[in-house]
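Labels run A, B, C and D following the written order; every chain starts at residue 1.
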Amino acid sequence: MKNAKLVGKSDLNKKSVVRLNERLSIGDRDILIIGGPCTVESQAQMDTIAQQLTGSIQALRGGVYKPRTSPYAFQGMGTNGIEILARTSRASGLPVVTEVMAIQQIETLANQVDMLQVGSRNMQNFDLLKALGEVDKPVLLKRGLAATIEEFIMAAEYIVSHGNPNVVLCERGIRSFDNYTRNVLDLGAVSALKHLTHLPVIVDPSHAAGRRELIGDLSRAAIACGADGLIIECHPEPDQSVSDAQQALSLPAMAQLVESLRPIATAVGRHLPLSPVQNPALMAA
Amino acid sequence: MKNAKLVGKSDLNKKSVVRLNERLSIGDRDILIIGGPCTVESQAQMDTIAQQLTGSIQALRGGVYKPRTSPYAFQGMGTNGIEILARTSRASGLPVVTEVMAIQQIETLANQVDMLQVGSRNMQNFDLLKALGEVDKPVLLKRGLAATIEEFIMAAEYIVSHGNPNVVLCERGIRSFDNYTRNVLDLGAVSALKHLTHLPVIVDPSHAAGRRELIGDLSRAAIACGADGLIIECHPEPDQSVSDAQQALSLPAMAQLVESLRPIATAVGRHLPLSPVQNPALMAA
Amino acid sequence: MKNAKLVGKSDLNKKSVVRLNERLSIGDRDILIIGGPCTVESQAQMDTIAQQLTGSIQALRGGVYKPRTSPYAFQGMGTNGIEILARTSRASGLPVVTEVMAIQQIETLANQVDMLQVGSRNMQNFDLLKALGEVDKPVLLKRGLAATIEEFIMAAEYIVSHGNPNVVLCERGIRSFDNYTRNVLDLGAVSALKHLTHLPVIVDPSHAAGRRELIGDLSRAAIACGADGLIIECHPEPDQSVSDAQQALSLPAMAQLVESLRPIATAVGRHLPLSPVQNPALMAA
Amino acid sequence: MKNAKLVGKSDLNKKSVVRLNERLSIGDRDILIIGGPCTVESQAQMDTIAQQLTGSIQALRGGVYKPRTSPYAFQGMGTNGIEILARTSRASGLPVVTEVMAIQQIETLANQVDMLQVGSRNMQNFDLLKALGEVDKPVLLKRGLAATIEEFIMAAEYIVSHGNPNVVLCERGIRSFDNYTRNVLDLGAVSALKHLTHLPVIVDPSHAAGRRELIGDLSRAAIACGADGLIIECHPEPDQSVSDAQQALSLPAMAQLVESLRPIATAVGRHLPLSPVQNPALMAA
């Protein structure tokens, strides 16, 4: 990776910390858990998640611009969705991350959310990457469906070399010949990325598995593998989700999953900051 | 492909013809051959190709905005390159196709070139596809590196459903476990696309093979398989090419390759329109 | 491929010819067409194919030992099937090829059939390859489902280095992320093999496509690409086939397909030896 | 998986335990660690490993029949190697597992070793699987390089339906488009297998990673994911290994890795039976 001038590392101990807000960061000792629905559907949906998962998640995810295979599928709530995210964030204190699909969406999103996600299908949308290099917000860069580790790292280099050092990498599964799982979670890549770059690396087990019964195992594996955090899909009523219903966890399941991570984080010298006593969903479970 | 409302076909004989200019079209009996370098490098380079390959190619390709894995690699000549393309096109009468990487490039490109190419890395850049749906120029849509046939068809549906019916599909090889060839040319997909959609389908053997010694065989195979045309990389001095040097053909090799296609086109009921007597490169070979 | 001491080639023009019997060989100017069912089901089935396809095929295929994913699926007729093959061969004069799955089957098969096939799942069953190196019968070696070109060539080297120079390679499609076609036919590998080894190379479009409507296009493409022959599944009543029913051609369809190859073979300097006037299936079509 | 009549499970809590010897088993609460070289090279090599890793591993691995891509690569020590394995086993009390490549090797191996391994290249060598169904020794079945989860399960069904219920599955990485790691470890498959079959599942991180610096992370991930054990390559002098040198761990590194698994096993309700105080390699480290 000799071309990874800015995101590569020669010193194995070098590690970047990306700040989400004044209190929260990714890449230090604390594990960051991001939770939320595939798609922002309503204010009530987002507020319920924020309230129920206090004590389990430190940041909210939710898509308002949705990359869908079909032009006839729901394309997201757009600006109305951004406002929902912003209101839930203000009320709960949780920072929010959402996907940006086009350069012209950047300005509005950057003003209202805490982290901009580049989806797998846009990992090599180089003009979008360059534009995000000029933004003063952290970027969550998801690995492309068939991107090599080198291509993934160099996509991050595009953003950083254009001025924005705050990039977090996200492994979310790659395409394979098998279709029992939606994708194949490549934890070898997570380990390799930790050796090759100083950027934080998180894992999305939801899109990798595509089946909710596998997400707990993969989440625990990711933390044991050294991931700096997780981004997991959950929903107040998973089967009613407008997209990716079969991979969304219920809120109590999400809270229980996060608790199961605590001793594993400790085993690898990391820390899960939130306390379960604060967690109404877990209490209800 | 029940969602391919506009690009799918129920009648197996339905076939769309996409016009490049008043004289040229893709999808009818004539096979269309597009040739040119990976990257536009100079006026002399493009003029030489146009002059030497009269009688072999009916359209010119050449990139001015280049999607490169590394931000430090040459990113293309940009607007200067567009002017070169336009001048060569006016002088030679050959229409030109070039890649568009971002929405803000569309207007300028649409005014100066004859066909806008969406590269593999942007096949699911849905905002770009939607914007190209509003343009009155044909679009050459390349298959993503790991796009399923359904995703490829639905990407075309994005463009057509936003108002532009003139889409040509291009199979250019998919990612596999082997690295002897750069990608795996998927001619089964070409055959499948002919059964599933009425859009014209062309083949890019250059990016599939990644090795110039394989391009002749794959070109002949593509025409025998029913492709409506080919887009092939060639260069006056292949080894001096600023990108993809190992897959570019010399101009005499290109002319000879095109001649070898003639009887195969005839064998499958198609026609190669240009006459070799017009071809100086072939004469020189 | 520096280790391909025996099957590699330094002289690009070197080409081996493998003899099937006194009259027939693979690897010279003539294209060899092998046809028959996935599974040998009855004497009548095999005799019908041999009679109906006189003039279209020069050799018969048919499995008597079947590699099936499930132990509860039909595993083939075994020795009864071998006798059926042998009788049809004697009556029709057509040589037969069938799969060998285990070392202990070699002796019986070698006495009764003309060519022993190693299936994809056994391409790296090295003990079987070594044992076939000691047999005086040609071997048809199918590429593994995810075998690299180097691994494929080195599997042939196993057979040849153990004493049997009569190996024919068969590209039959590789695994990919898409499931519209059963596998992805890798014609780039066919072209590469012609550059890397002097062994004959044939193509199996049936297992690649997995859908009968694509087999004609892929067969024509394979011949245009330089394949030395084809092995195609066909059946007197395709929908009644005990295995792979959706990819078997009817006998008239098979005869018509073979006819469509004739001008393409000529276009690439090859020859299809049989004459259509001899072909009852084609006459009936 | 409706055809997995014997190895499938309807009751999620059903779990098989496979006994290696009177004291050791796989599939219960205890995690089983198997260690040893890719290839058995000498008595001293195996004895050193057994002595140094007392307290870290409960079983020894070592190949005496080696599946090699090239016929000119070292093919293993054969029967001499079996005797070495048997002597080390008797001296140390550690059971041994080694690969069986052909039916004719089964009898000798079954008399001298404790577990017979089927390698990835033979996962669908159905005649070998059937023959192993008639043996009274446990079988370690490795997943094929491009085997689907269903194919993997049905390969186990072959063995069990032929009479041998003692099968352990081993995920060892699958082929992908990236070549930074040797294969892609598919922990989603490990989780899926636990839902679909009652057979024990272990993980081989060495062949997945192909790079020793990644093996620790992947081992910890596998245990966190619910694997019943690990099989890891290690060598007294890794760089001198006759095969797979770049993925072998040194003995002190192996001992330290095993120690790092202890709290993770505990975190997922499992137990690592051996005590580090017994471990000379760890003491020396």
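Assorted remarks:
Everything that follows uses one rule, which is that contacts are C-beta pairs under 8 Å (C-beta built on N, C-alpha and C of every residue); 3 or more make two chains touch, one makes a residue touch a chain.
Keep in mind the model is a prediction, meaning the values are calculated, not measured.
Shared contact partners of chain A and chain C are B, D.
Relative to the C-alpha centre of chain C, the farthest chain centre belongs to A. Of the pairs listed in C-D, A-C or A-D, the one whose interface repeats that of B-C, with over half of its contact pairs matching by residue number, is A-D.
Chain geometry summary: the mean Cα position of chain A and that of chain B are 36 Å apart. Each chain gets one centre point, the mean of its Cα atoms, and the points for chain A and chain D are 34 Å apart. Computed centre separation for the pair chain B/chain D is 49 angstrom, with centres defined by C-alpha atoms. Annotation for chain D: residues touching 2 or more other chains are 146, 150, 175-177, 179. A complete topology is adopted by the chain contact network, contact being made between every pair of chains. Listed in rising order, the residues of chain C touching chain A in the complex are 146, 175-177, 179.
Those residues of chain D whose C-beta lies close enough to touch chain C in the complex are 3, 5, 67-72, 101-104, 121-122, 124-128, 130, 144-146, 150-151, 154, 157-158, 161-162, 175. The residues of chain C lying in touch with chain B in their complex are 146, 148-150, 173-174, 176-181, 184-192, 194-195, 208-209, 211, 213-214, 217-218, 220-226, 260, 263-264, 266-268.
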